[in-house]
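Multiple structures are listed underneath, in structure tokens.
The same subunit A turns up in both complexes below, where it pairs with subunit B and then with subunit C.
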Partner chain A sequence: MNGDFHYYATYCAAVIAGYSHEEASQICYSAQLVDFCSKTFLASIKGPKSAATTQLSVELVEQKTDLLGLQDITRIWASFHFLPYDLYAEKKHCSRIYRNKYRLICNSNGVLVKDTIELAKNKSLQAVGIAMHVTADTWAHKYFAGTPSMVINNTDSHFYEILPDGDSFKTRKMKFSHNPKAVDDIENAVYVNSLYQTSENTVMNLGHGRAGHLPDYSFIRYKYLPAWGEYKEILKDNPSDYIHAFAQLVYAMQYLRGEVESFELDTYAWDTIKPYRSRIESILEKRQVNDAEDWKAFGEELSGEKISDFDLQLYRDEYKNAAKEEKNNTFLGKFILGALAQKSMVTGKIYKSGNPIAGVSVDYEKNGFAGIKDYMKLIEYSNGGDHHE
Partner chain B sequence: MSKMKRVGSVLMGLFMILFGFLLFLFPEKGMKIIIIIIAVSMVAYGLKFLTFYSTLARHMIGGKYNLYLGMIILNLGLLTATMYGTRTLPVFIYLFFLFGFSGILDVMKAFEEKKNKAPFWLLRLLFGLFSVSLGILAIFSCFIWKSPEAMTYLFCVLLFYSGFFRIVKAFRKTAVVYIQ
Partner chain C sequence: MSGNYEKALQNDELSLKLRKSDRNLYSAGVGCVIYAVWGVIELLLDLYYRYPKYWEKLQKMLADLTVGLEGTENADTLKIIFFGIVIAVLVIFGIVALLFSGLQVYTGIAACLQSLGKKKRIAYIAFAFLFMFFEFVPLLASVSNLSRMFYGNGLQELYNMGLGDMENWDAFLAAIRYIFDYAMDDIAHILLTLTSIVILVELVIFAIRSKVLHKRWQKEVK
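Presenting the complex of A and B:
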């Protein structure tokens, strides 16, 4: 998903769920920040690099793909952008190494979605924003894994767009280009994707790179053959997935606000969004690569307030200038804690399932602290008590 | 390309140029070493593909490509090993055939890259065409000159330019399509 959904649509969902303009602004800012909080950004504010929620292209180019490098990549991308659907999924007659990768395939309504939402309960608005990003991406990024893997994430030339044609649909072949300077040509169905590389662990095979930005466009419907799918065609209906994502975000935030007692999977706030549904669907189905203006106009109508554009520098000085003991109470400080908590939770669940692909996780309650020292911040904060909002 | 890979590529390029010089000075001994290096690396490469197929790629769409490629490379590696200690001329013909073949693959890949509007396709095309023309020249030359020494020197040229291109590629800007 792009900034149009993570920022403006999340704002709309938050307002519909009952948050005020100020609260919704903080939630959507945090949801969008997940796509910008790289190690480079954290280094610029002297924050803990383990809290990175994304990797820039320059970082990926220099990223080693040895065991530790792959674990680092997987911790970031599986935790925030490709939440695994079933960590105990079985596949017959395959090697353990294949199964470990297969189990990281993302899909909506997996157990980890519930864990993610529950983790944000009674936490900061920043944690809510992170959870919204992760949940929304389970719809857009389904069928891809947040680890570099050709055998899971690769695609071939079998891509067909499904276009409405009167009362039915017609198909047309889609083409791909690897030129980084090119832009997607939706009229002629020519899209940019990552290079085909035969190395299993190259970053070109990370996530949905081989399918280009298709999962990020709300209007598009297409069918293709995923590498792991044993020649079964997958139909990706983005307008349907995106409206489900929106309704699930509203429901999740109703739960986080305490208006719903428990968060259940496969449950949506259809009744709440009913008055807005046709408007939302018209935005989602519009054939354009960026829906930001439409979502922004809708959000401003909902709240009656002006929505500021996303500015990465907005909270930088507040964090940099804060005293050491006050950093956790700044906007970015709370975001960092939320990111560390999410990454820690997902890594722990993956490790507990017997899968070392995201690294080793240590149970602090049983074994005390060990490993990456950045996470000490999370433990200190958890032990500190009443900092939660 | 990461810094480590760039350093590796430069070192490999320098090694190829150095080896070209050694072969130029000591053609007989150098050729035996070439056979060993090519045979071992092709067998290892073939086994790598076969292992990848059996552990991972057999579940992947189009994964059989790895099986076929692994078998072909492994067999070529074993065939190369059998040429150790045989007469010089057939070995060189075989080696030039291999380089010519990889040149054809490079040309095909360059056109594929051009079709996909990828940068640096021209560099790959030039590299491929040079390999092919050198291969053709060498095969024709061996029937006209019938001289192992001439073949050796041509092979040295091949090593020089391959090493040079590796170094050039190491300093090339890396363009990445980044999908978030």
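Presenting the complex of A and C:
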């Protein structure tokens, strides 16, 4: 998903769920920060690089795709943007390597979504924001995996947009260009995607690069052939997926606020969003690549407050200038803890399922501390902790 | 927002078979084009690296033809005619090789176009059959050449060279190098030719299957 949903739509969902303007602002800022908290950013604030929640294009270009490099990539993308749906999925007549990658395919309402939401319970608003980003992306980034893999993430030219036509629909062929500076032409159905690469582990085959920005456009419906699909067409109905995502975010935040006893999968706050549903649907169905203005206007109507635009530099100085023992109490400090916790949880689950693709995960309670020292912060934090505001 | 867009999906068995067939046909078509280009490169490399050997043979042939005529006008005339014939043969050979490669490229491209649902032709399938048979000739020649080393006196000669003598390491290595030098060309040629044959067989199978499935699909749609 793009910033319009991660920032403004998450703000709207937070307000509808009952958060105040200030709380919703922190949540939506954290949700959007997941798309910017790279190693470069963390290095600039002298933060722990293991807390990276994304990788910039320049970082990916330089990223090695040897065994350790692939594990590093997978840890980030599978934990925050392509949460695996079923780590124990069965797939017959295939190699173990293929099955390991197949099991990382993202989809909504997987067990890890529940784990992600429950992990944020009684934690900071920043942790809530991270959980909202991860949950929202399980809807947009369905059917792709957060690891470089041609055999999973590749597509071909078989892309057809499905357009409503009265009571029925019509389809039209979509075309792709590989010029990274070109702009998507939604009127003529010409979109930009990454170049076809025969190498299995190239970063060009990471996530939904081969489908371009299509998964991030809320208005579009299309069908295509994913590499793992055995020649079956897959439908991607973004308006439906996005409204489900929104309703699930509201429900999740109601749970995190304590209004709902437990978080269940495949459950949505339809009743809560009912008064706003037509407004939300009109934003989602509007044929435009960026819905930020519409979501912002809606959010300001909901809360009656002005929503500041996302500013990556907003909390930098607070973190940089804080004393070492106070860093965890700053905004970015709390975000970093939330990111480490999320990455640790997902990586651990992947490893426990017998899948080495995200690297080795150490069980602290059984074996004590080992591995990347950045995660020592989590141990220290777990002993003290910050309560849900 | 509601709408049953699942109806837009075509995942019946026939559609799946058709897609699989078309994609395999496309891959085979691309393989055919690559092999056509490789054929030209192989020919040029062969001429370039074996040029001294061929020149030596031609010189020997010319010497045999002009025995007893050295220094005479007839010898000069004979040389001109000889090299004229050689050049003509080379030109004809070159044209035939280019035509052959061109037809292979046409076959590959026609297969790709059919798989994409564009132009539908039949001639390329016949060409693919022809190429398959043509590939067997050099394949059998390479196999025969390779087997000569290990049959009859060939194996004995290798043992004499030192293949069976594990105590004389230098002789053993020399024998291994001899096998390598002798067999490498043929082994490489056999592997490439077999691959080419497999690609052509796949092309023919998927081309026919694709046409049959398309006809069946059109009947069902009507």
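Operating definition for what follows: the second predicted complex is superposed on the first by the 384 of 389 C-alpha atoms of A that agree within 3 Å, B and C clash if a C-alpha of one lies under 4 Å from a C-alpha of the other, contacts with A are read in each partner's own complex, and residues count from 1 in each chain.
In this section, a contact is a pair of C-beta atoms (placed from the backbone, for glycine too) under 8 Å apart; a residue touches a chain by one contact, two chains touch by 3 or more.
Quick caveat, the model's predicted, so the values are computed rather than measured.
If you put the two complexes together on subunit A, you find that subunit B and subunit C bump into each other.
With both structures placed on the common chain, the touch criterion links A:192 to subunit B but leaves subunit C unconnected. When the two structures are aligned on the shared chain, A:285 is found in touch with subunit C, with no touch to subunit B. After overlaying the two complexes on the shared chain, residue contacts for A:231 are found with subunit B and with subunit C alike.
In the superposition on chain A, contact of A:30 is made with neither subunit B nor subunit C. Once the two structures are overlaid, the count of subunit A residues touched is higher for B than for its counterpart among subunit B and subunit C.
In the superposition on chain A, A:91 makes contact with subunit B only, not with subunit C. After overlaying the two complexes on the shared chain, residue contacts for A:177 are found with subunit B alone; subunit C is out of touch.
In the superposition on chain A, contact of A:209 is made with subunit B only, not with subunit C.
In the superposition on chain A, contact is made by A:54 with subunit B only, not with subunit C.
Aligning on the C-alpha atoms of chain A brings subunit B into conflict with subunit C at a single listed stretch, 77-85, out of 5-13, 23-31 or 77-85.
Common to the subunit B and subunit C interfaces on subunit A are residues 156, 225, 230-231. Residue ranges on subunit B touching subunit A, taken from their complex, read 1-4, 52, 54-57, 59-63, 66, 113, 116-119, 174-180. Here subunit A touches subunit C in the complex through residues 156, 158, 160, 162, 164, 169, 171, 221, 223, 225, 230-235, 237, 239-240, 243, 281, 284-285, going by the rule given at the top.
Taken together, the subunit A residues at the contact with subunit B in this complex read 35, 54, 56-57, 60-64, 81, 91, 94-95, 97-98, 101-102, 150-151, 154, 156, 176-180, 182, 192-195, 198, 200, 203-204, 206-209, 212-213, 225-231.
Of all the residues in subunit C, the ones that touch subunit A in their complex are 1, 3, 5-11, 16, 19-20, 23.
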